[in-house]
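Lettered A, B, C and D in written order, each chain numbered from 1.
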Amino acid sequence: MSSLSTDSPTAILLISCPDKPGIVAAISSFLFENRGNIVDINQHVDQEEGAFFMRVEWEIEGFALKREDLVSSLMPLVDRFSMKWELHFSDIVPRAALFVTRDNHCFYDLLSRHESGELGMEIPLILSNRDDLRSVAERFGIPFHVFPINQGNKEAQEKAEIALLRENGIDLVILARYMQILSPLMTTAFPNRIINIHHSFLPAFPGARPYHSAHRRGVKLVGATSHYVTEELDEGPIIVQGVTPVSHSDAVQDFVRKGRALEQSVLSRAVWLHLNRRILAYANRTIVFG
Amino acid sequence: MSSLSTDSPTAILLISCPDKPGIVAAISSFLFENRGNIVDINQHVDQEEGAFFMRVEWEIEGFALKREDLVSSLMPLVDRFSMKWELHFSDIVPRAALFVTRDNHCFYDLLSRHESGELGMEIPLILSNRDDLRSVAERFGIPFHVFPINQGNKEAQEKAEIALLRENGIDLVILARYMQILSPLMTTAFPNRIINIHHSFLPAFPGARPYHSAHRRGVKLVGATSHYVTEELDEGPIIVQGVTPVSHSDAVQDFVRKGRALEQSVLSRAVWLHLNRRILAYANRTIVFG
Amino acid sequence: MSSLSTDSPTAILLISCPDKPGIVAAISSFLFENRGNIVDINQHVDQEEGAFFMRVEWEIEGFALKREDLVSSLMPLVDRFSMKWELHFSDIVPRAALFVTRDNHCFYDLLSRHESGELGMEIPLILSNRDDLRSVAERFGIPFHVFPINQGNKEAQEKAEIALLRENGIDLVILARYMQILSPLMTTAFPNRIINIHHSFLPAFPGARPYHSAHRRGVKLVGATSHYVTEELDEGPIIVQGVTPVSHSDAVQDFVRKGRALEQSVLSRAVWLHLNRRILAYANRTIVFG
Amino acid sequence: MSSLSTDSPTAILLISCPDKPGIVAAISSFLFENRGNIVDINQHVDQEEGAFFMRVEWEIEGFALKREDLVSSLMPLVDRFSMKWELHFSDIVPRAALFVTRDNHCFYDLLSRHESGELGMEIPLILSNRDDLRSVAERFGIPFHVFPINQGNKEAQEKAEIALLRENGIDLVILARYMQILSPLMTTAFPNRIINIHHSFLPAFPGARPYHSAHRRGVKLVGATSHYVTEELDEGPIIVQGVTPVSHSDAVQDFVRKGRALEQSVLSRAVWLHLNRRILAYANRTIVFG
């Protein structure tokens, strides 16, 4: 979970491939031979599936290869181990769009963390299906776009939304209590790039009004789950989960109130992990090198 | 959650009735007029349902009414407010039967808490569908009864089990990882008197092999739920729930291992609450005056 | 922890007195005879100290006594049981001042909860020893007052602060990561009316830089504690505590980051409890009728 | 945290050394060249201290080097990087002694986990300063040795204890609520090989009667801490910590009761981590590759 204590930029390589001997040796030797100073390395083997996963982060300063040559230099390794890979540089700041509707607690929380520099991202725009939270966006000086959704226009509106997101070079969509179900149009446009917060301990209480369902069932803990959004509602890979105690004396609105701090915590943590390239999604699960 | 710091016996009255003004005043005045020193009083109003619940505990020493006269003296209040009620005396020790199969962790945990005096109950017998844990029962000097269950004999066996439980004056059945589904014969014989531990955060992952299901879904917390057993499998009123963190690096057997301490904790807490008459079951939920 | 589901105003009586039989009966009969519909009643007996504590909340609508006559009508009970008491009305909104310095996470969190109506209070002013967070206050349209503190001026400045607080009818001071130690001048002016958030699990790591100390000690959980401020630094009655896991891979700045959500949660919860008159401070501890 | 899903034995190498480039490459290449199939690899860099830590586990089957040749083959690497190291084989079962006094909950818990195969260790003996728990040891068929300690005999008794432990080839001492302070004689004989459970959230409430101190301070969570024992009482490297909520209504004996499940959980987890060679102690802290 460690942050770099230096400001020197790093490269981060995420890989997954069939497990076989020699992968760690090959990667670490490649970096050593090119004078890459590793600051963090994590791996995981899924023994059931025979799959290997790795995240390695090294300093760019002093590294022998230029950024523009790095990919081609990696190709022999990629081919040898049939790797899927992603390469990131810590000084290229991700651009995130926040989707909101009416509840402001996750929205304010992300904005305040952003303002205090905890989350290394830019927020070029806020998007909503309603006008309610415009004034919050304005206070922070961030453009606020409203795309009202009704029964007939979702596809057209999502096309326009996607165009707007692409224009603004958006890498990450954060659903900060956005109260619309995304269509496959949107979910396939940003695979493993849309993070949602659902206010239950999934897979319990998917769908609408989970606090009401939880209250009716008489649970003793309420939960929150952040996950990547896929075509299946509330079925995507889980990133972070949390719970908080409730009792018989809590009405539904108390569940709502107690859930707020939990949702903030669970969502902001997932966003931080994503921005720091600490998540690999795989087989509808996540590997989190936290 | 407070235990009595004195050893003097107490009476405990649990009531539920339609909510209307004056119930607390009526009960507390009745006790005061009869020189009952209240040591604990809790109430809850379900405003949605218009229902009132109360637990009151007072010292028997110095109380003006004899035990045998108490019920008849309460009748005017019961009638006036249409109360359902239960009356218990703390010096009448409940008799519990433990049902076990193969896993020993909850079994040992309850036996050790019993031995150290934490749980004020007697354990006249252990019941199992298999012979595996006989030696554990024997070490503690508790009779161990085996009722093997197969496809054809469940009803007959449960009849025999119920007869045995009745003979032994059993008030409470604790399913300490007992791996058989109880039929309505048993569940209706001991309504709100059978406590189960299920190794998931219900209502997620009911039924068989919840840790396997949780692992497949990629959850980040595993849960445990103690509940009263009803005819509907894993659907009864929840008493206590807990969770413990897991990660991608945990295999199913790690979920099992990490879940053990959690199951012990969640089950033993539910048993303690029941034995101390701190639970009111209502509308498939519980009110826990913890 | 239940909120009222109705909007009808309530009266809340908090009492403490020597324990003796008949208190509950006397209070509840007094309310019943005056047609007070009790919506919540909680009591606690500290058996070691022989002390009795109670919180009772009833609807004003339909209650036979006028607000202005209530205190005098209670006097016979107060005298009979030697009660200390507080009386509040839910429709008289408390006025809180937020004290801040540089960290904005608790500040934003309280403002957003205030804006969404979770916290029933007014915030007439923000006070700081520095200018850093002025723009945040301005965005929310709340007057921001700066009282720089240096070695020589603390007493004079606190006198001016207290005057400002009194002018504005402030009932509650919330130290939302205010980085100055209050002198006895301030703490005695607002006894049990100043809530602080300290970023450790008190009594571990009192004083300055608790995350640094926690990191040096190698703890596996970091904590946060909200408490009433007394003359003794970080020694006042604890209201709420929470923890969050950390590991060897977390640097101090990761402790800081992980602690933010925790501090928000622990502070906002304490403020909610205080505003809902659910806390009784006693013998440097709190009784929280949550 | 992953357990091996195979039964094939593994070698585990723990190293610490000054951080410099090439360590991961050197170790992983050494293993690859000798056909060692890595099943788990973890590393940590303490950037402040410039220190590097690693745990690597690989299958013995198919590995080119014989066990007896492994150490000498590693020497060039050890010299090159100035490594401190430990080498373990998963099929050499550690031998643990349990020290107990009067409380039985951690004792039973470890015995039941041992019996169910969760903890891969042998328990050749139980040691106590009192006779109270002899019958428990006898039920499990484990020799029980009593060494009464009084003001004058601690040194002599500990000498005898150490002799007994050495005779029995004990690798690990587990203080399962052993109520004697160990002298430096014992702590230096088993450095980082004695695990204690302390019933508080250290560094809060060290020493005797922590639940009493916690109750007096009015905390809202009680904690438990497992740590390696050093000469400084309750000051050794922390391995695992946990907390559980308490309230004003809990008397000291309720803290004790609620703490039991917590202590079991925190101690058994530390023992598991130690037995699986997942802990590196360093600068009075631990690195836990859980």
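Here, contacts are C-beta pairs under 8 Å (C-beta built on N, C-alpha and C of every residue); 3 or more make two chains touch, one makes a residue touch a chain.
Keep in mind that what you see is a predicted model, and the values were worked out from it rather than measured.
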| item | value |
| --- | --- |
| Farthest chain relative to subunit C (centres taken as mean CA coordinates) | D |
| Centroid spacing, where centroids are CA-atom means, of subunit B and subunit C in whole angstrom | 36 |
| Inter-centroid spacing, subunit D versus subunit C (mean Cα positions, whole Å) | 41 |
| Two or more partner chains touched - positions in subunit A | 2, 5, 47-48, 247, 249, 251 |
| Contact graph of the chains (line, ring, star, complete, other) | complete |
| Contact set on subunit A toward subunit C in their complex | 1-3, 5, 103-105, 107-109, 111-113, 115-116, 118, 139-140, 246-247, 249-251, 253-254, 257-258, 260-262, 264-265, 268-269, 272 |
| Complex interface listing, subunit B residues touching subunit A | 44, 47-48, 201-205, 217-221, 223, 237-243, 247-249, 251, 284-288, 290 |
| Subunit A contact footprint on subunit D (complex, rising order) | 5-6, 21-22, 24-26, 28-29, 31-33, 35-43, 45, 47-48, 245 |
